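The data blocks that follow each hold one structure.
Across the two complexes that follow, chain A remains constant while its partner is chain B and subsequently chain C.
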Partner chain A sequence: MAFTRKPQTFSASINEVTIGTGDKAVTIGGANILPLYTFDAPAKNKVAVGAEITDTGVDRTLPGIASYYEGAETMAEIAKRASEMPGADFVALALNGADPNGDNRPVEECVEIAKQVADAIDVPLVITGARNVEKDTELFSKLAEALQGKNVLFVSAREENYKTVAASAVMAYGNKISAESAVDINLAKQLNVLLSQMGIKPESYVMNVGSAAAGYGYDYVASTLDRVKDAALSQNDVMLQMPIITPVSQESWAVKESIVTEDDYPEWGDRETRGIDMEVCTAAAVIAGGSDAVILRHPQSVATISGMIADLM
Partner chain B sequence: MALKGLDIFKLTPKTNCKECGNPTCMAFAMKVAQGAVPIEKCPHMSAEALATLSEATAPPMKSLKVGTGDAEHTLGGETVLHRHEKTFVSENLFAVSVNAESADAVLPEMEKIDYERIGERMYVEAVNLEYTDKDSYVQLVQKAAGKGRVLILDVKDAEAAEAALEVCASEKPILNGATPDNYAAFVELAKKHGVVLGVGAPDIDSLHDTVAAIEGLGYKDLVLDVTGPTVKDTFANAVQVRRAALKDGDRTFGYPSIVDLKKLAEGDHYKQTALATLFVLKYGSIIIMENMSYAQALPLYGLRQNIFTDPQKPMKVAPGIYPLNGADENSVCATTVDFALTYFVVSGEMERSGVPVNLLISDAGGYSVLTAWAAGKFSAGSISKFIKDYEIEDKIKNRTLIIPGKAAVLKGELEERLPDWNIVVAPNEATNLVKFLKEL
Partner chain C sequence: MGKFVVIGERIHCISPVIKKAMEEMNPEPIVKRAKEQVAAGATYIDVNIGPAEKNGPELMKWAVQTIQEACDNIPLALDTSNRAAIEAGISVYNRTNGKPIVNSADAGDRIENIDLAAANDAIVVALCSKAGVPSDNDERMVYCQEMLERGMEHGMEAEDMWFDPLFLVIKGMQDKQMDVLEFIGQLADMGLNSTGGLSNVSNGTPKHIRPILESATVAMAMNRGLTSAIMNPCDARLMETVKAADIIKNNFLYADSFLEL
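Moving on, here comes the complex of A and B:
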């Protein structure tokens, strides 16, 4: 008895969102198949991979990162190097130094850094904030003004500040935003509804439904992603059809496996290898679950994940 | 596919003899329909009725046992494609692949991966034995046998397979060698030695045909080697096989799967990590890798534990004292719930702070802080009882106890119950713990 193929294609599809400008602009989303199921129908766009840089400088304690960015000292040089990373489709500037509980870098300085980065690269720019609601609200508003016309994606607007962020970033200055929720399909949908009620068009925002490193409650992430894609495609829930971006680097380089030294855990071996494996594993997992873009830190992770995407899509 | 209670009732003897433990045949039939009791519980079913019913009530994906003793594992038996629909039941196994040349180097490395994570032993459960030539194969099998791992005989030569089975059949290995060309001989071998047979084919259509032919020979203890020529083919095979069985009712594909990442990405450590992740999530029952290091095991086993946990049962860590950052009897104490996710987030942030802390975990039913507090499972009473039961005051001299910000309301009552202690309220969010502990 021959095998009968029953491809699963849907009449609904994920929205398409474009970031950046010119030849190197990147479009994500557009699929009417489950994530990576290209045997059912072709995926419209590839999953995009971003190379993360931060305003706090390059982490030169990791040999692989240090050697990749060797000689790149200014933010402009670092950004340019990141934009040339094999496999990277965009650069993601993480303004970690803006965190009021950390360096508390003033907004004006952050804007200056972001401008230097934006001017140094020709690929799309994604900016992640301080992950502090008040600071990000002000930060994104000022950045959106300074980067008008660059079609930058700001990660993320949250329930507490979406109005201000969406009004300035999208409505006033024509950039893109990501709507962030904490691993809960209902909260994700609610924020999307609120943004659409403001008049934000589907092509102007993506979502970040929350993440966790592999092993750290990733079960919730996996099921949230599964349920979001199921609602978007099989139930045609237009309020969950936004493409998904996941800042994988921040979670995966913050867990014990990526932090503790080989001196403390000799049997675990080289720290950099552990960090890359954690980043690669988490990224592959969110992509399998339906993330349309991921942000990664290590050049090896970028190469491996973009290679996996090329193999599958 | 699924039979209704009434359909089953029609096939029962309708004598209400109660020998099955149910008051009536109707009650029995209803339970069978729900999958609560096996049809074999009724001693009076006719052979034809049994055959009809076992076919109709059989699960969509076969559940198989491989290995023996501590190394026995169950594969398959899945009923849903996504864990939130019910739960996944059989964790995938990880295997490393060795041949005559690499075995001496790889096997000892493999045995180093052995640790516990949230009550589960994490190790490489299976070894794939690659066939190179007849002379060395039996020796290779002997080397890998007796190590408490499921053996996978990756061999397509029937004579060599026979010789290998003579050595290791008692360990219940998987004979992964049936192809469209040799399956008749391999079915004989598998039957003779009572082992699970692995079936592979150049493409998904011939795999389907071959499995159907093997089922025609009366053998159904099968796993399907879905490894194709490329990553894309392999992923397509793994998904389509599982989907056909669970969603489209195609019993021919209702078997566990094997994916061999060494064949797909030999020499590329990180690519194997990425692909192993993909197949943990999407339908690999046995994932064969070239090697397994701690760097790979830590995320992959953690991910697997997350994915295969039952969504209705929260993961819990064992109650006890967890000394972090080299904490000793003079270090401060902190307490939170036993919900695994809370524990990992909190202990992770505490470790990041570098401040020595004795983390006290009491039994809070596996709930998060607020839920456990609301359910009365994380209270001043439960915390002070824990401190007494675990003789904390004898073991630790420091009398500072940090409680979660979300349970700040417990401070007053704790101060009453633990008068010698200085109760300190932590921030609401774990991300602020580093700063908090450093400034404590």
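Moving on, here comes the complex of A and C:
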């Protein structure tokens, strides 16, 4: 008997969420297949790739990054350059300088920077905060107001501040948010339930279920992603059908492999190459696990991952 | 495994309110009960119009349309011994949220309801009995096999045959309870879906006792692999038990608010 292929599609599907406005707006989610299983059915939207920039400036110690951003000095110039990065679908502004335990940049300054960035680009904007609950609550509220109409995605609301962030960013100013749960699948679902009980519509939020650089507890991320997709698709769990965004860059450029110099570890070779490798293999893994968008830093990582997506989706 | 399927039993012509509403074709009491059950977490709503010998097809069509229009096309179980009424109900049924359930067939006089389900791409409740209560599980299994074969002959998918082990009343048939649970386990081992009228077990017991017996039964039966029950979703204890058992079986991912979902 001839082999008949039976495509594995699900009656359930991942929600679609659109960020940005106009021709360059990006929609993620929508799939009713397992991640990258495009031989079963077409994925409705491709995984989106974001080019990360930060308010603390370009890391010009890395030659590849320095040369890509050469001549771009102001935040507007840097943002414009990032938006033109081959393979990038959106720009992700990381307000690392806002961290109260670091530069503690005032909210007003952050708003000013975000506005400069938003005005300089025509692709969607994603903003990651200071990763400090109190600061982010205030920051996201003020940013949401200043960026009303831009359909910005704020990463992320957490258990401690989801109410305020959702009320201001989504309900008052019509932007999008992501709900963050640090590799805690039950919390991921609970946050989605709480947001939905507030009246936040499915098309207005995504999830960040947590990330880790490959080799640094990534197995927990993998099993979390698997369980989320299984619940969303095969169990039709509507409280886990939100698309997933994973900020890959921050983790993968913060581990030893990406930090230590070649002088200290000559046997490890070039630092920039190592960082790119960490970023690329982590991103490839979270995409295979079901992430619908990734945030990357290095132009070569963006080119590599967007090439992979183009080949596989 | 998917979530346990709760089929709400509260639209039943034995209830005086429903009986009157069906006689007068008054949608209000029926819609109210349907909505209460949906809000309480029913996946399917059973529509029992009785034999309805006078106007079965007309009544079932009306009931199906009335409930589905009011409740966002909630899927329904069409519950009557009147075959023409089931067919009529299916003819106006909206499948957006699930196939109709033919409730029910058995291995005796009502075996043709399997053919009816097959012809209409419906699910069928297949009662493992022929005439009266089966004496033991061997007999139940014979009926199960007969019906399974019948379904296969008519092109049904096994997953659309929901076998009913026939829950028995505790007060009077206490010694048979474990047999029923054992049989549910046998169905599950064969990979078959199952359902049944859960409230049978507590018939004749005081009102405050009923949810306790039904909750314990459903938890024990879910442990054996029961995939659905025809039951009262408006009973909080019973629904909490089903939801908690679904969590323990990993049919549904835990979140602190799981009881509200």
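Please note the rule applied: the second predicted complex is superposed on the first by the 309 of 313 C-alpha atoms of A that agree within 3 Å, B and C clash if a C-alpha of one lies under 4 Å from a C-alpha of the other, contacts with A are read in each partner's own complex, and residues count from 1 in each chain.
Note that in this section a residue touches a chain if its C-beta (ideal position, glycine included) is under 8 Å from a C-beta of that chain, and two chains touch if they have at least 3 such contacts.
Since the structure is predicted, the reported quantities are computational estimates derived from the model, not experimental observations.
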Partner chain(s) touched by A:D237 [first = chain B, second = chain C, both, neither]: second
Touching partner for A:V280 - first (chain B), second (chain C), both, neither: first
Of chain B and chain C, the chain that contacts the larger number of chain A residues: B
Touching partner for A:V193 - first (chain B), second (chain C), both, neither: second
Which superposed partner A:I113 touches (first chain B, second chain C, both, neither): neither
Which of chain B and chain C A:F39 touches, first, second, both or neither: first
Which superposed partner A:R227 touches (first chain B, second chain C, both, neither): both
Those residues of chain A which chain B touches in one complex and chain C touches in the other: 227
Chain C contact footprint on chain A (complex, rising order): 185-187, 189-190, 192-194, 197, 227, 231, 234-237, 239-240
Of all residues in chain B, those that touch chain A in their complex: 82-84, 112, 117, 204-205, 207-209, 212, 230-232, 235-236, 239-240, 243-244, 247-248, 250, 252-253, 268-271, 273-278, 280-282, 293-296, 298-303, 305-307, 309, 311, 315, 340-341, 344-345, 348, 351-352, 431-432, 435
Complex interface listing, chain A residues touching chain B: 1-6, 8, 36-39, 101, 131, 213-220, 222-223, 226-227, 230, 254-257, 259-260, 267-270, 273-274, 276-278, 280-285, 288-289, 300-301, 303-305, 307-308, 311-312
Residue ranges of chain C in contact with chain A within the complex: 2-3, 251-257, 260-261
